[in-house]
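Have a look at these structures, which come just after this line.
Each of the next two complexes has chain A plus one more chain, namely chain B in the first and chain C in the second.
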Partner chain A sequence: MAAPMLRCLLFFLGMFFFGTNASDEFSEELFIKPLQKGYVYSHFQFTTKWNASIHHQETFQHYHLFPKALGEVLLHYDVQELHLSQTQGLWHHRQWGYPIHDAPPGAELWVWFKPSVKDIDKTWTDLANAVSGLFCSSLNFLDSKNTVTPRWSFRPQGLAHQGYAYRSYFMRYGTLPREIVCTENLTPWRKLLPCDSNAGLSTLFNAFHFHDANYHSLGLHVRPICADSACMEEAIELSQSLSVVTDVVSTSNTGAPHWSLKSLFGNHLVSACPIASKSVIMVQTANSQEPLPYRLTPEPTSVEEVIRGDQKHSFAVYQVPSFTHSGRVLNVAGTYNDVSGLQEDGTPPPIHAHRYITGYGLSDGGISCLIHSSLPVNQSIIYLDILPWFTRVYFSSLEVSNNGHKVPFKVHYVPAKDRSRPHHLELSFMLWPHSTTRVSFTFTRAFLKWTEYPPDANHGFYISSAVITALLPSSFGYTSPPQESSQLSSIFSENSTSYLIRIHTESLLVSLPTPDFSMPYNVICLACTVLAIAFGSMHNLTTRRFIKEEAKAKRGLLTKVKSFFTRQKDATLSEQADAAESADQNDIKEKSKEKLEASNDKPKEGDQS
Partner chain B sequence: MGNTGQNHNIGIALIHMITCFVILYLSFNPAGCMSHEEQVNEFFQTGHTNNWAVLVDASRFWFNYRHHANVLSLYRSVKRLGIPDSQIILMVADDMACNPRNPRPATVFNNQNQHINVYGDDVEVDYRGYEVTVENFIRVLTGRLPESTPRSKRLLSDERSNVLVYMTGHGGDGFLKFQDAEEVSNVELADAFEQMWQKQRYHELFFMIDTCQAESMFQKFYSPNILAVASSRVGEDSLSHHVDPALGVYVIDRYTYYALEFLESVKLGSKKTMAQFFKVCPKHLCISTVSTRTDLFRRDVSQTLLTDFFGSVRNVELLTETSSLAKVNTSSRSGSDTCSKDSCKGTDRKPGRFSYPEQVPSILI
Partner chain C sequence: EEGFALQSQSISPYTGDLFHETPLALRGLRIAHYFPFGVTGFFMFVDILTLVYLYKISVAFVKHLLDKQEREKKNYSPKAEALILTLDHLNWLPLTIAGVHALNPFSIMTTLAASTAALTNLTVLMAFYYMVLGNRLLCTLFLAVASYQTLYPLVFIVPMALHFYKLSSPSAPASYVSKESVSSYFETISLFAAFLGLLVGFSFLAEGSWDFLFSTYGFILSVPDLTPNIGVFWYFFTEMFEHFRTLFVCVFQLNAVVYTLPLAIKFSERPFFLLYVLIFLTSIFKSYPSYGDTALYISLLPLWGHIFSYMRNTLVVGGMYVCSMVLAPILYHLWIFAGSANANFYFAITLVYSTAQIFLLTDVLFAYLRREYDLYHGTEHFNPDGSKARIRLD
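For the complex of A and B:
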């Protein structure tokens, strides 16, 4: 009698707390991809789907799984889409393939505002401030000096009307290549998760392991998506991702490339987040038909194979609740049987790039970007480069060449304005099959005002990463989920034929002619010295009384002897006798010497003060 | 269906009963305290209702690791004693935890033994790196920040707030350097505090500074209710405590080290006083002379609790009798203010199929 009653009560308690907006959906996924040379790529993907329209004001009055702190920011600043990444380290595309979310070193924020926004630039600045408060970062430095409106490179990733998406009028993009990413950024990001780090995959978060890794990236993406497959309703998707690339070989004690959850994150997995509709660990086992070089333990729940374009991708899938439901722990591990193939360079992905500074000295310089393509066909790409105003680009020097031949390109260039706008260079051109294309231009360095230098000016000044956008025909090395959903398991049901990549190159460091900051001090010292010498001598000259001295007769030996004796007598009479006026110059010199010696014998009083 | 409706009613009734059992409320409600004159007096004795802390590390560069550890140690202490993160403004001029030179990433230790990671997993830095400037510091104190500044970066104190201001860095007679590039003078600081007082931004202010010739920083103060302590006299250097050979840098300053040793022994309900706190670092330990200033402060420091500044003590009293609360109608909320699939259908501006835009402009392909 009591048991069904209690069950009913629990059911209604549950209804009371969760019933108001039960259509929210949360999923947690961990994607692991072992890379060449003993690196392991781990990507945590937390996706919250809120079945409500971002365009309705009343949406943001009641929250369930979606974090309210973020929702209020979205509402107040009329945000349609928000993409934030905070990254430490550089993703090596050549060796590691493509990540799920590509991100440049430092912080990157790009936002699509709703058409109802009046003053986009002001809203952007205010939004950057609000987001910086939310994530403990210095995004408030994203002002007009490092913000652009890319024309072709970025399009809304979520639902949008073609007319809205076609013009980037409502979009702003800004990067801070020097932004530090540390535990204080992870903490607020983690607090947005429905389970925080109390249960589920987020219990694997360990700041010590993350920051000891070669690459570490926090991402947060909000966009409107389709609520269902028919796409008759809108939903809001919040995708939170955390990527880590760990060098297993150098961090393990044995030097072996074996990995496990315990070795990667310092902990086993003991639970799944109870409110997650999906709690999955996926291990990408192979790109092609090759046998697996490592053995996975425990046995996965299922093995999924998916054909994406010309490539077959296979994944070992672990349903976390089925492993942890009875109090057991899950420690997915990969043990290599044969490590010989691991040290070889992997096949690079179809497109990868390398960007560097050219030139020498402090007056002129240049930037070159080599874009490698291993595709058998022509591939069109969009290249976006943003340079700070103090690197003055010579547009005439811009050149796109391939093996000595000039490549035709379409260009959108907005020159900088001193202290208010960066250089914005956007190019669109073809990559020829199996070739390397070089984009190059030169610049000259401007002088800053001395108050504009940062406290560590000699460290240099960062130029943010270039962004290369392309729609690839091949899914080789490609890991991102399709556009419809950020959930990684949506890869299994994908059937598209082109794959969007947006890769970020290296950020660059240039040194500017830096003044000597101790110069004001030196100037003061020098000026004072000059003043003291000039004024001192002038004062001396103008205030001294000059007395004409009688011409002295030349003294003979006798006179000298006489005067010697008189001096001896004087000395014995009195020390204080003032003989300066009548005595000759030799006398004065000797007197002053005596005085000096006498004063040296006295105890020194001045040193202690 | 009828049966479930009945159960629903029982469920709601039960919730109300549960809420009635657990009732906490503040003891300054006069009805609850009529009979406890003493407790009321004790409650109003301090005169403050909330606590704030502004903790500043003004030094950049790796070799100033110790200043970073100083400020984080204090952050840890005030947080442990109850001041929430939202009421702590932490300004850190450089990144030591994730500095490439740090062999133990994401950690900062204030001791060679490494038993306390003061950086922890739960640190919230409000101003960091280039943001730590004299201008921002003075703006935070005086509240003259741009409109868009988020709450976490504001000192939202009022005339009932006790504010702790801790500063560490390199200083000299009458100034403290920020980022090795600019400095705040003692006159500017005194004026900022006066402005705070005039704007009713504090009730009592405790100023603590660990730098060379630290005493000079509080000599110009003229606003009431300020209590100050400095690690050294004018003409004296403040010295660091010990070096960690694994890091190759000094890890903490002497004065903060001994102050922290004392603070670690303080619990939330502690009766330790400020007078005791002023004696934590005698000359033979600190090598410099700890200097205090009490003439602006109304109360007797030997009667002033340490937790008035370093902690946030909430006086809460449990009521034994049950109070009944008015019934709140919860059912009317659902549906009207949320936008579920059904309720929003009518308001859709453009019903029809939504679509994803193309990611690369087709004219370029």
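For the complex of A and C:
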């Protein structure tokens, strides 16, 4: 009796162990949300959940669905959480609400390292180089000049021990606003997917359509999460996301806002990824109370309604395998019955911001950020701003005001060090209900050495976006999944009451005074000439004395000729003086005498220096 | 203001690169807020103090000039009577100096801009005043304060050491490298070093760390910030190849101080003129010159008004000064704000300005030496054959 039971037990243990070792789960989702004015927001979400702990070394020895290239990087550089986003275009919060993952224009990389790291700055630089190699982008430009350690923003999004995040010691944040995203970045990113572009939603990827879009963002997020709701075990979650906002009205032939998978991505969906445990397309059909004025074809598999906080969101869900088995294709399309409602702006989300540069000229300027709040209660936010060292911020000019009244704020400020550290400003303050708060400060522009300018010096330098972090009580315009999982389907089972948003503002362009780049040799020559004038004169005056010059015995030919003529003139003039006797002749005499003295003195005065 | 704001947040102002005042100045200048008209009132007060000290300097200097002349009269040539200074010549000097300082456009600009150069100027003038009075203690104290603020007044210790040695042994025309002279120099220099050490020590105590050293002195010495100023070196360092930067920084700093030695040898008997020439030189060649430094030496120029008749280039130099003063703000505005000119325009004007300063300096030097020559050899020079002789440098 004991032996078969023991065998059973061993068998189950073996199954469990073996199962746990190889249990990766991959799900692919496509989220489509039509926005106002003919824009359509599409978001591809590929989530790999690997039931293993990120802290164990032996986790990274066997890979199944989790990409090996990325796993090696995570292992080697002791990474606990990695968040990378590469974006082209600006997300307009006011018109479009909140995206699922907010990303600034350019590239952004922030990493939480494991506590076992010895030298964080060096590891950060090495990691940036490795990631830039993995994704063919120039993240290797992330060095101490544009990296900061935010104090309150960017807390760990995954599992973390208590006290780990206290001072943000293990975290680095860097951003490159000038970075451009192109097919070169899309290809290695797509290669990390288990199905690549052979099957599933990734067959919809079309570089032409993506790069035509108004907003286009690649995201990669790795974090440790709970394996299940009991949270007894850890898992690693890799979330890859691709967000696109397409302007359907402008890119369609007819100018009609009807959209479909074919018009958005150029392709029908022909298959689902066989390795995926879940493959769905979700279309958000109702944002607030009123239904949207379009009709979906084909009919969705199910319609889910979720109440998040005080807002009702409803989604039309298509289970892709059921539409694409046995050779059929799926083309989800939305056709509008009534396009008039589209032209309105729509209600802006609870918090949105606008940042801009003030001032004129190339010597100084200011930055102002207007944060609009339409919440009925006070909302506390954290504002993070990173400025390069060459825009020298005056901390004494920082002010936060709301309609002329000063808003009290808590500040964490690290001033810049020339050429080694950027300005790091973090503020925490309250937004008053239904009002606009303005954060403003002034800066002065530095003058760089001529080798520090980029090739197009007059284009200017980019200042990265400011980041506003808040925990909203309302989910109006909110689309992100809850904390425990990046899968969008987890929205359906959510029951949280506060929603974390992170808003990135515009990135700014600032011009610096430029020297003339063609002039190094000339400048050195001229400056040294001035120095030489000083040196030569001082040398003369200090090493020589005044002496009375000896009368020259020998004189040059020209001087001889000249003195010959003056002697002749002397002779004639003195004759005239002798001959004359009258008053005017006296005058002539005096005049001639003066002339005589003058002519005598002239060569002498000319020489006397 | 930036320093005050950072301090109130208990962030050390020296962690960033924007603040370059010394720690004691940071704390001391807080009183500017409590003045009757605020900061403007404070700088007006500093200007008036400068005026008062200039007046006192000129009064004392007149006395010193006449005393010196008395002592050396026996060496003068009998034909040099026209050059002898008398009290009625020099009576108007104090008023002239006060007037020149009050109307000097450079000093007016410095006060308007509330520049801390006004404070450095004041301390240098106070050191000058106590040097004329012969008070070694106060002289070295104020010189230490001035060098603590900006590093360059360090070289003014040379004329002061020479002068105090002369004072301690007035009769004997001893050599300047004898034992007594060296001990006298040592006394002066050690007093100065003690005061300077005290000031730096107090700053360390106030700040709690040595960070401020890089932001204040390291900044002056290594010239990292290249904001355009009225000197000639910002563009030089902008357009320089990185490889040679250390070499050029060393050469350039050396250039600022190297003239001390030959001038000290030449003017060892005339420490005040040496001090003036050194003030002039450091204000041209310091790493971040400004109009405040120009204001200082122009205000002190009438002290040697008796040499003006021997200056040769007054029209050219005057014209260059006026021209560069008028054009410099215009070209800066065109470059930075209007965007229609180039950095080269502004650089050219700073070159003109530096050249004007150098011409004025060499003219003053020349005139002084020429007058000395005339004092000892008479005003009229004739060749053996009766014709006028040339006097030249050889």
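Note that in this section the second predicted complex is superposed on the first by the 497 of 609 C-alpha atoms of A that agree within 3 Å, B and C clash if a C-alpha of one lies under 4 Å from a C-alpha of the other, contacts with A are read in each partner's own complex, and residues count from 1 in each chain.
Convention: a contact is a pair of C-beta atoms (placed from the backbone, for glycine too) under 8 Å apart; a residue touches a chain by one contact, two chains touch by 3 or more.
Not measured: the values here are computed from a predicted model.
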item	value
Touched partner set for A:61, first chain B, second chain C, both or neither	first
Winner by number of chain A residues touched, once chain B and chain C are compared	B
Partner chain(s) touched by A:41 [first = chain B, second = chain C, both, neither]	neither
Contacts of A:449 with chain B and chain C, given as first, second, both or neither	second
Which superposed partner A:132 touches (first chain B, second chain C, both, neither)	first
Touching partner for A:546 - first (chain B), second (chain C), both, neither	second
Residue ranges of chain A touching chain B (in the complex, touch as defined)	8-9, 12-13, 15-16, 19-21, 23, 51-53, 55-56, 58-59, 61-62, 88, 125-126, 129-130, 132-134, 136, 138, 140-141, 152, 155-162, 164-166, 180-184, 186-188, 207-208, 210-212, 224, 226-227, 230-234, 380, 382, 410, 428, 454-456, 469-471, 483-484, 500, 517
Touching residues (chain side chain B, partner chain A) in the complex	4, 7-8, 10-12, 14-15, 60-61, 95, 97-98, 104-107, 119-126, 128-131, 146-153, 179-181, 330, 333-334, 337-341, 344, 347-349, 351-361, 364-365
Residues of chain C defined as touching chain A within the complex	1-2, 4-6, 9, 11, 15-18, 224-228, 232-242, 255, 259, 262-263, 265-266, 284-285, 335-337, 339, 342-344, 347, 351, 354-355, 358-359, 361-362, 365-366, 369-370, 373, 377, 381, 383-385, 387-394
Residues on chain A engaged by chain C in the complex (per definition of touch)	360-363, 389, 392-396, 411, 413-419, 423, 446-451, 513-516, 519-520, 523-524, 526-527, 530-531, 533-535, 537-549, 551, 600-601, 604, 607-609
